[in-house]
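Have a look at this one before I ask anything.
Naming follows writing order (A, B, C, D, E and F), and every chain is counted from residue 1.
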Amino acid sequence: MTASEGGKRRAAILGGSGFTGAELYRLLDRHPEFEVAFVSSESKAGFPVDKYFIGSIHKKKPSSLKFSKAEELDGHYDAIFSCLPTGQLPKIVQRVAQHTNYIFNVSGDYRLSDTELLQKHYPETLQHDYDGSFHYFIPEFCEIDRSAKIVNLPGCMAVATIYTLYPLAAEGLIEPRVITDAKTGSSGGGKSTTEHHAERSQNFRAHKLHGHRHRPEIEHALALHSKQSVDLQFSVFSLDLPRGIMATSYSYLKDGVTAADVKKAFYSAYAGKPFLHYFSSGSSTPMIKTVVGTNIAEIGAYVEGRSCVSIATIDNLLKGAAGQALQAANLYFGYPEEAGLQFNGEGAWP
Amino acid sequence: MASLNCLVCRSDIEVEEQASTGEIVECASCGQEHEVQVESQLVSIALAPEIEETWGE
Amino acid sequence: MTASEGGKRRAAILGGSGFTGAELYRLLDRHPEFEVAFVSSESKAGFPVDKYFIGSIHKKKPSSLKFSKAEELDGHYDAIFSCLPTGQLPKIVQRVAQHTNYIFNVSGDYRLSDTELLQKHYPETLQHDYDGSFHYFIPEFCEIDRSAKIVNLPGCMAVATIYTLYPLAAEGLIEPRVITDAKTGSSGGGKSTTEHHAERSQNFRAHKLHGHRHRPEIEHALALHSKQSVDLQFSVFSLDLPRGIMATSYSYLKDGVTAADVKKAFYSAYAGKPFLHYFSSGSSTPMIKTVVGTNIAEIGAYVEGRSCVSIATIDNLLKGAAGQALQAANLYFGYPEEAGLQFNGEGAWP
Amino acid sequence: MTASEGGKRRAAILGGSGFTGAELYRLLDRHPEFEVAFVSSESKAGFPVDKYFIGSIHKKKPSSLKFSKAEELDGHYDAIFSCLPTGQLPKIVQRVAQHTNYIFNVSGDYRLSDTELLQKHYPETLQHDYDGSFHYFIPEFCEIDRSAKIVNLPGCMAVATIYTLYPLAAEGLIEPRVITDAKTGSSGGGKSTTEHHAERSQNFRAHKLHGHRHRPEIEHALALHSKQSVDLQFSVFSLDLPRGIMATSYSYLKDGVTAADVKKAFYSAYAGKPFLHYFSSGSSTPMIKTVVGTNIAEIGAYVEGRSCVSIATIDNLLKGAAGQALQAANLYFGYPEEAGLQFNGEGAWP
Amino acid sequence: MTASEGGKRRAAILGGSGFTGAELYRLLDRHPEFEVAFVSSESKAGFPVDKYFIGSIHKKKPSSLKFSKAEELDGHYDAIFSCLPTGQLPKIVQRVAQHTNYIFNVSGDYRLSDTELLQKHYPETLQHDYDGSFHYFIPEFCEIDRSAKIVNLPGCMAVATIYTLYPLAAEGLIEPRVITDAKTGSSGGGKSTTEHHAERSQNFRAHKLHGHRHRPEIEHALALHSKQSVDLQFSVFSLDLPRGIMATSYSYLKDGVTAADVKKAFYSAYAGKPFLHYFSSGSSTPMIKTVVGTNIAEIGAYVEGRSCVSIATIDNLLKGAAGQALQAANLYFGYPEEAGLQFNGEGAWP
Amino acid sequence: MASLNCLVCRSDIEVEEQASTGEIVECASCGQEHEVQVESQLVSIALAPEIEETWGE
């Protein structure tokens, strides 16, 4: 790997004018080790990046970097972050791969490997050749695999759900049938939406009750890291909030499993993970408001009898996308896991 | 060094000799917080206070 | 029963300065057959009712009625609506019962009959003598029992949940283990709350994950009207909305039960009920926004494989309390079920 | 005028799939004297109207009417309500006018008559021939002119502002310089907007500080009905609400004018107007929440020394558009002014 | 001044369990030069501070500090931050002053000096002896006066308004009559409020139209630093937001003053002030969403003809209270003005 | 070093010889941003692009 002049690593962002791309730009821009040298947007090509991002209005020295079309990508980058809509990266991946060491991809393109599921949920992935290798990577559970060029991050609702179930599945504590009722804010759908503010505002409604493509991802990820498989009912609801996800999972403990076993499983799985805050003691429960604007996942598990309710909350654009991708890049490049991901705003209340 | 048991998962918890009342010790297996209580040299533990929430309803 | 002069029935409201009391006052005030002759409030006693209610600012002829203390209740009323905090009516019920034909009670006091459960959830009910009879009444499912003086309405989250499960349980279509994830707006807690606007705003969080007292009520109500009993995991969450409840229930169909069976069960249970709008066809799902301000419950059931997600939404202050009580009174007095409960505002969007 | 069979008047709605069109459809559908016989939409042509409107989900008997393209308009209508985007009606007005007695237009096309201002703000009006006459009509202030085929309703922010200033200007009580700070919900911009929910949510920001086209409309309307002209600074801000407008006007009383003079002016102007609720006494001030879902304008004026703050709130889609148009139609056809415009939901709180 | 062991300065917070106190605790806790050694609360005395603050849930090492009653204050502190309700500090100021070098006070007690105004707005200040001196301090405009023991910070709405008017008044560019329409979130009223979430939610309403005690403060502060005095109409409105203030001021430019003069005045007053972001170029306008969670004031001025609209937005708990107090303390103790006040979350969007 | 005038307040703005097209220079009196344009050695300035907002309405 070659670091750029000034010692900083060169990063590119594809789909940099969208919600997750904007967050990545903001994070990389303050990161001690990266410098953003290329940002793609088809519709804004030629426009100065720092004049477009609301997130840059408080910057004292706006950069002179301008958006380029994705096809203008040239030269070598230590890391390329892809924030394109799902289905776009596969179309250009062969070419993009030649310009970088790693592609950190927040889209869904390379999360599944089963051909049938790919055909159903991510057909573009199958339709376009890619002769390199890829790796599904959740920073807290997966091994770093430096041989894979594409490091594919998890889905935002998928990963929140996985945080609620991983210790239970890994230790084989629960019966297979599990239900997750997930709620999400409106930025989860990206900047192009047909849903009007006036329609979403003052409402709470179902988004997708059956057939969400994060379901096979969750089942697959848990199977990989677990003693047992789960049979998941996964339903998603829409909140009148710009950001944030809560995943609430309902499971039944196997005969003989106690509340203390559950506590031990969560604590041993999550203690020491810098961004996973497991509420080990008592009455606190995860909330959306205290994770928004942070890379933190709040996690809790609450047992009564054999019934276990486990909850995780995250910011979909940070821990669910841009923050997660940067956390992965930190690990891949050997930087402190928390580099560029500590926000002093954490803890503002109310 | 007093050897006590976690009030949730029964695992051993070591409390240092010089611990004083009010100190918080975490169970190393399940994370439960306990508050140390020292009374005439005798060390014991109780569940630590929880975050106080006044949510109403 | 004696009708008052002018032919209208005399109604009293206990706890009339609270959220549900204010709604009842508003509804009764426009009802063709009732006239409100007494409204109790301990803290506002002596203050003109129409000067206190925001809901009366657009009234052209404010009434001269003033709040009285509950102990000042005197004379005879055709109906007394009790909107006191749970635990208060039992203290005065012996006296109140002498002044009326029926007490329509929106509090929890007379919803359960099991002594152990009463002791746990409604201890005041046991502590005070009451030698009359009472009746738990859901307008759509329960027989009118004119021998009971207390007509106790269901809990707001309980009834929304019951609407999601009744057809499934009544027909014995599901396995016993059921999960309900319920979400509620902030008026559900009544006017006295310690939760600050700034804390609830922009948040979504758990309210009560285990041990909610609506759980035994739901289990009991379903058992009464069903071929099977359910074992319910019931968890409640707080929305940043003033009004509205969504109850989402997750169940597994028994072997051999089909999606069509579920449709038939819901349709036959709910078709023709004026306030239960079952979405029999297609893609519509219940929302909070379209039921707020109405006495309507929107209900849907969505099956994939053996997994059934059934949803109901209501306005907690109307179909969950004041509207439900008036609907009950309409039935008890032989008026049209919808009298005073049709709001031309229904359907405003967005 | 010919009434249709069944005695109801035939109405058509142009631009019926938008926010104001949907409200008009809802209102006319319940109106005792009108029946909707034609609803235009370019994008939904052929789709059943009652399957499209969220506002119709609770209707027991959906109508079989389908959307048509505007060019398919045929036959005769007693009233045509135009809810097209501003600039569209002038293109087809010659043809549309042949099919009806009156066009009630909620767009801005025929609000101004000054050529220079038209050129700046409504150029389409000048570009297309129209050989009939038109009339700017505020139900509370303007004479009915049955000779005009186009009855053009006021702008939503314009009319709220006019309600705050009319009595002051009409009586010549204030110095000419006036400031209006208006705040609006998101449905004010219609269904096609590029503003994402996530961007508007949790924000308050300026929408247009100078140069809003409602300013000349307000100045013009006040001049018509007043002893004095005003020189208005008019700025508009965006609320995180789906519906509702508050206009707050700041003026200085002329030397010698007292708080009592202001009270008298407002009271004499507004008492008896069914939809204008002037808070004549005391501490109540207009709010958005209590007018949403109604055709009511809440109005108050608060004087200290020579400084006068006058406020009006309305629902932009009702009193600001569809309700106002129906109120006008009621007056033009000699029906009770409130027909079809009383919502029993009025007064729901909180 | 004596620094504590470990080199950090000892700080105390009075009224530390309230909204501004909690923010100060959060900020001081991360500040490189301060350590919090005392936090008062009457109602929480004895309870561990880090178990009370939601803002501390993500802290890895909770402190063992407990709340104390204010009367238990003992020993010496480099700085005492008073976040008591207005009217409380004067009762104990003589004693508190003995324990510290400076009292940074966010309440209103020592903002005015005119006896008549004090009597009207801050009577407690007059009723209790205090033989030391005090100083009204806006970090950007006021000289540091180390002889004053009480450094009184400005009111939150006052300071936002002052930011909109200072350059105009200082340069004598405007006519005296000025109007400010200010909007505020709900945390501005502190943790003890009688306003229910359900009432504030989905509303926008007037809070105080005349007679707000920030008005004399603004007039006084401008007079001190200006060539001219202003005659202010100051009205405040309530937003359905937890945090944030927008002050919008309307003024008329004196004859001959141009838009460029206004730009120059704002730019020369604010360029280089680390927390004042003046939008010197064009179309950007201050918003609430982008200042929440920061110590930044966004400021803009927009001229058309002789009409000037100037706007400032701040976070009421940070730039309006706790952040402002810490900024003042940084200046008094010679630390970098931005120490402890840079939040990497700045710029998150949407 | 080209000497130009602010397009808003007329104050002098100095643009360095080696400035290249697209560079942003601020007016020192009023803060207005300008974008440098170099064409065949000739330096000029235009108002810089504004933050692009797509608020709708």
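As a convention for this text, contacts are C-beta pairs under 8 Å (C-beta built on N, C-alpha and C of every residue); 3 or more make two chains touch, one makes a residue touch a chain.
The chain lineup, named per UniProt: A, C, D, E = N-acetyl-gamma-glutamyl-phosphate reductase; B, F = Lysine biosynthesis protein LysW.
Remember, predicted model here, so these are calculated numbers, not experimental data.
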Going by the stated contact rule, which chains contact chain B and chain F alike? A, E
Most distant chain from chain D, judged by the mean position of its C-alpha atoms: B
Chain whose mean Cα position lies farthest from chain E: C
Mean-CA-position distance for chain C and chain B (Å): 44
Rounded to the nearest Å, the gap between Cα centres of chain A and chain E is 37
Got the chain F residues that touch at least 2 other chains? 48, 50-51, 53
Chain A: which residues touch two or more other chains? 19, 54, 57, 187, 196, 198-199, 201-202, 240-243, 284, 349-350
Under the stated contact criterion, what part of chain E meets chain A in this complex? 19, 22-23, 26, 30, 53-59, 187, 202, 242-243, 277, 279, 284, 290, 293-294, 296, 298, 317, 342-350
Write out the stretch or stretches of chain C touching chain A in their complex. 177, 179, 181, 183, 196, 198-199, 201-206, 209-211, 233, 235, 237, 239-241, 244, 246, 248, 250, 252, 285-289, 292, 302, 304, 307, 309, 311, 349-350
For a test of understanding, state which residues of chain C touch chain E in their complex under the given definition. 19, 185-187, 191, 193, 195-202, 240-243
Can you tell me which positions in chain F touch chain E when the two form their complex? 8-11, 26-27, 29-33, 47-48, 50-51, 53
Complex contacts: residues of chain E adjacent to chain B: 44, 47-48, 51-52, 54, 57, 62, 64, 66
